[in-house]
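Have a look at this one.
The first chain written gets the first letter, and so on, giving A, B, C and D; residue counts start at 1 in each chain.
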Amino acid sequence: MTYNTFGRVFRFTTWGESHGPALGVVIDGCPPGILLTADEIQTALDKRKPGTSKFVTQRKEPDAVKVLSGVFEDDTTDGPRTTGAPISLMIDNVDQRSKDYADIRDKYRPGHADFTYDAKYGFRDYRGGGRSSARETAARVAAGVVAEKALAHVLGSAPVIRACLVQMGSHKIDRARFDWMQVSKNPFWCPDPVAAKEWETHLETARKSGSSMGAVVEVVASGIPAGLGAPVYGKLDQDLASAAMSINAVKGVEIGAGFEAAELSGEENADEIRIKNDAPHFLSNRAGGVLGGISTGQDIVLRFAVKPTSSILAPRKTITRAGEETEISTKGRHDPCVGIRAVPVGAAMMALVLADHALMHRAQCG
Amino acid sequence: MTYNTFGRVFRFTTWGESHGPALGVVIDGCPPGILLTADEIQTALDKRKPGTSKFVTQRKEPDAVKVLSGVFEDDTTDGPRTTGAPISLMIDNVDQRSKDYADIRDKYRPGHADFTYDAKYGFRDYRGGGRSSARETAARVAAGVVAEKALAHVLGSAPVIRACLVQMGSHKIDRARFDWMQVSKNPFWCPDPVAAKEWETHLETARKSGSSMGAVVEVVASGIPAGLGAPVYGKLDQDLASAAMSINAVKGVEIGAGFEAAELSGEENADEIRIKNDAPHFLSNRAGGVLGGISTGQDIVLRFAVKPTSSILAPRKTITRAGEETEISTKGRHDPCVGIRAVPVGAAMMALVLADHALMHRAQCG
Amino acid sequence: MTYNTFGRVFRFTTWGESHGPALGVVIDGCPPGILLTADEIQTALDKRKPGTSKFVTQRKEPDAVKVLSGVFEDDTTDGPRTTGAPISLMIDNVDQRSKDYADIRDKYRPGHADFTYDAKYGFRDYRGGGRSSARETAARVAAGVVAEKALAHVLGSAPVIRACLVQMGSHKIDRARFDWMQVSKNPFWCPDPVAAKEWETHLETARKSGSSMGAVVEVVASGIPAGLGAPVYGKLDQDLASAAMSINAVKGVEIGAGFEAAELSGEENADEIRIKNDAPHFLSNRAGGVLGGISTGQDIVLRFAVKPTSSILAPRKTITRAGEETEISTKGRHDPCVGIRAVPVGAAMMALVLADHALMHRAQCG
Amino acid sequence: MTYNTFGRVFRFTTWGESHGPALGVVIDGCPPGILLTADEIQTALDKRKPGTSKFVTQRKEPDAVKVLSGVFEDDTTDGPRTTGAPISLMIDNVDQRSKDYADIRDKYRPGHADFTYDAKYGFRDYRGGGRSSARETAARVAAGVVAEKALAHVLGSAPVIRACLVQMGSHKIDRARFDWMQVSKNPFWCPDPVAAKEWETHLETARKSGSSMGAVVEVVASGIPAGLGAPVYGKLDQDLASAAMSINAVKGVEIGAGFEAAELSGEENADEIRIKNDAPHFLSNRAGGVLGGISTGQDIVLRFAVKPTSSILAPRKTITRAGEETEISTKGRHDPCVGIRAVPVGAAMMALVLADHALMHRAQCG
């Protein structure tokens, strides 16, 4: 495992810069015989793509995916099916506008990776953040579709993986109003329709003033059997934490009760177990579906905090590559709350981690 | 990377069960020529070992380490030095009392990995939690000493890696009183002497009633140069999240501002940069020392939430292996707050991640 | 490391089928700041591409490479330089003629992977061998260029990596006539001009009769310092053996004296050492430049045997997918001696292994 | 995968030096529920251990194995069974005689890794070759037992893995007399009783004169189903080549016809296929049981060449660490033909590679 690869036996490698000719992902280890069409991947990509509302970047990217390898179809098959060979997916970059970024060539944008890339590599593609751009997450979403299908294939039934925004800025949803059906009905993937309305006002204010807001994303996987994951460094929650923290701008990760667990007593925290329908049934899910790094059969619950977009209008103190003090104000087409577009990315990462663990489990335990 | 190995080029593999004859770790990739004595490792292990106060388990384990390979000494050397070969460290288990655990053979302890191990493997060493026991973390602490020395060797100067408890239950420290010098002066590794006093009361109450408390650990690495880490799946903060979440009972992880970052505006969150002493100087550290997955040169700040010990006296609803409903009350020598002993483990994991990244950086960037 | 990835820290992943839209490679871990143009890669690809003489397949593939990521150029740079991000290279498939392969859909070609792919995956892209086609080696040659530049960058001086054919069928070169300058002067990469002439006759006879010939390739790397490689499972010769055996149709691998070493006495085999120009100097090189898995500073000498092309005109006994006995005669545009086109592939694999080891060495030993 | 680990999902890491306190191996990824006793491992180790005849080193090592983790037994089980946790095996070093090696401290032994270790690490454990000693192969043999059991467990039936010596010096066996039953009846693991007699004379002559001989080992695995292995860099034969070349003193590797394949025509080389007992049946096995990197269901046939022991009595030209020319004559208890003791090691590596591939296959293909 090096720098741009994730996973053990269901493994993917992404490549591409924000303003290069294209970006893509190569997925290796996918089981053979799975029906996989470009349309399915495209549908998922369309959820993440720029320009879908005024609350996300206005960059115009069709994010049209090409499937370059790993599937095969002839007149005897019912469509393209995976062959077990690596699946290469590519998305051309279209709306690059490199000139927009000429001013960030010499100044490090606070909160961005400009300074650290220069510190590490000594040379960087500064256009749109280059490799550090969140455009890379399009490749994750595309790979996530393959993962979700592989996971259903291996489990023998399709799990349900859903994600939503449960907090924008300091404004949390009301859990009593939580409704997955609401998620696709507002531009924020918010499961609480009342909160969604309020967030609209908050974010519009931030957007108009050239400011930005953070958010918290929640991802839930239902229908995952007990037994996925492994001690001690192949823990399911460990990999979920790794996956979530690898998403741009994420600064915190929780499983189940998360940080609240620290405030509970042992009696409050440990989920009691009963039998229901001849199967183990937990009376609560503070564990978030993982005990000892292995799934319990309950919902897997992952949450992660996304910092506010660092590209803001207000002038900020910074330095130049040459080491001189200056200021920078980031104009351009930025997401006022990057957390929104991180929602499908979070779901994709959940699928990718679970697919890897499902295959790893099958390797060791049959 | 499979189930019991962590790291890329500075890599370690742990083995051993709570009640087996021994536990250990094999560290591979350590640079040659580093002075490494068993005494140094022992000193670190003594911080984590059981029985040091009434607030930790009363199991009596000397946790005496043996260095079995990877170092060499003759009459021309000033002590044992690493040779570049794998370093094998072993700790005998002494105080096992297997009979204590006979009652957990057939009942799944809520909040423990008993059920999930059975669900996964169909067969388990139930004694003391077997492989899922926190005794495994002794191996991490031992490996952490090697990592810290390797890191200093590669960086050319010794970073300072420190850890403490910043919250017990719902009781947080007062940041205004934060003092690293206090950490070793109380049984909680607490940097706030006032809070330490209060915690003593809280934890004593919990302990006496057979209950338990959660906690939050903070780990800070100072003296780490800018440039360690890598996009996109080799992010420094990603690996820190993975490392922290791999520790027993951890349910949440934060870097820098963490979940609070979600509540900040872009202006508040992004750390501004100035020049100080001819070097980049950040005016704040909400990033926790990592931007775009790469270190900024500031303190690396990691926090993680530890759930309350699940082994408590109060009877809890559970089921048996045979699928019958029952209750269990966990007697025995348990930590009333496992977060305390997670402090040196957190510091060790920080060192292990940083050593791996320092070597990886050297591989790619010289 | 899974199925389509090679290397540890200088790592590449290939993708693509013989008759899919394209094939490619993603290279991760390349040091930043290295000048890398598409032209350089193209020059290497042209050596391997089909249709260059009547002794190789007449498939018409321009094998034009596109560099899609990982390099950056602006008006301040002297050309495109690597950034440390993954380098994605793609080659479109042009001359696919899928109809040529309709007859191999149901019959397993002896000596090919048709049967084994079906046995493993149950479903395969049969066109031109799909993923098992030697077209995949174009991706290796492209990656090899990057590896060679990375290696020179890390070593501080450019090693010389050369490959040639030392045997065709049972006809070996005369070592007394070995001359690297001859290699590019005949269509066989043969270092012995007399042998090259004779091989022309032999291969023409085989080609005309629809038969094929095997070959032995030798790859030599000069200018590699002592110290690359590692015990015990990161041996330089081990990785070279792995690399060579991963090339299509390779059935044997040797380092230095190879199988002949088995026939020597200890006195004859072990290379004696003297001092020359203030440096260790070996009086012979039966070790092939590797002792204990680590380079000695002498030439690294790798040889591998390539079996004769299995696609031949003579009818051969085989079975159908349905399990019926039948015969097959393979028409089409095949290499009468695939060993010829394996020569640049062998050189590329040497460069890829050495680059990985040079980076690994730098990681551990600075 | 770093320096001392082999395998993907059935993975082992060895540690230990020739004259350290012990050596060992940690095996990770083994399926749970497999009966595994120390006695079984001991039986295998006894085949490789020193001092069994005058034709191997007279070092007296009991090579007694301890199983430290990964198995569990209580009064309800029929013996110790694997739990899925890492299996740690340790062998104490007993007969070390460090003083024997005092003279090699400053002189590099030709044909040994002394010079290259120093070139790489700058510091080494010179006693008995330290980490480069063939004593490390005891750990492989121990791990091989676990692999063989895991393989049988996963396949549902026990394959037969056998190894023998087919050549000593220039003296090959007569294939017409090949008989596996003979292998255990002579001190050379020779399947040809006539050759075994002759070798006795040859080796006795070499031994008495302080010289040494090379050898060729053949390993055959029967009962392996079609479908194990994977393109393109997870080839079964590639991993076998890697495994074989990782064994001390190995300089060449062949699969099936090996180097002879280069001399065959396409007609002669490609194995024809018929149906026999309702299953595919190959009329020959020049492929050695692998096509396109995937097993065909035929015997897997691996051969490797072992160079003659470099530790010989005759004085050899060499240099000192300080760079001065000198001579060295290696006294001590050395194997006159290390190829003999490489036989069980070859069988173990075959089992280890196959177990890994069986698990990998199950991961991807169920």
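Please note the rule applied: a contact is a pair of C-beta atoms (placed from the backbone, for glycine too) under 8 Å apart; a residue touches a chain by one contact, two chains touch by 3 or more.
These numbers were taken from a predicted model, which means no experiment stands behind them.
Interface comparison, B-C versus A-C: the higher count of C-beta contacts falls to A-C. Of all the chains, the one whose CA centre sits at the greatest distance from that of chain D is A.
Once the centre of each chain is set as its mean CA position, chain A and chain B turn out to be 27 Å apart.
Mean C-alpha position of chain B lies 45 Å from that of chain C. Computed centre separation for the pair chain A/chain C is 38 angstrom, with centres defined by C-alpha atoms.
Within chain B, residues 2-5, 8-9, 14, 29, 32, 84-85, 120-122, 131, 230-231, 360, 364-365 each touch two or more of the remaining chains. Of all the residues in chain A, the ones that touch chain D in their complex are 8-9, 29-32, 84-85, 154, 230-231, 359-360, 362-366. Within the complex formed with chain D, the chain B residues making contact are 2-5, 8-9, 11, 13-17, 20-24, 26, 28-29, 32-33, 66, 68-70, 72, 74, 81, 83-88, 90, 105, 120-125, 130-131.
By the touch criterion given at the top, residues 1-6, 8, 14, 108-113, 115-117, 119-122, 131-132, 136, 167, 169-170, 206, 211-216, 225-235, 237-242, 244-246, 248, 251-275, 278, 280, 283, 286-288, 290-297, 305-312, 314, 316-319, 323-325, 339, 360-361, 364-365 of chain D touch chain C in their complex.
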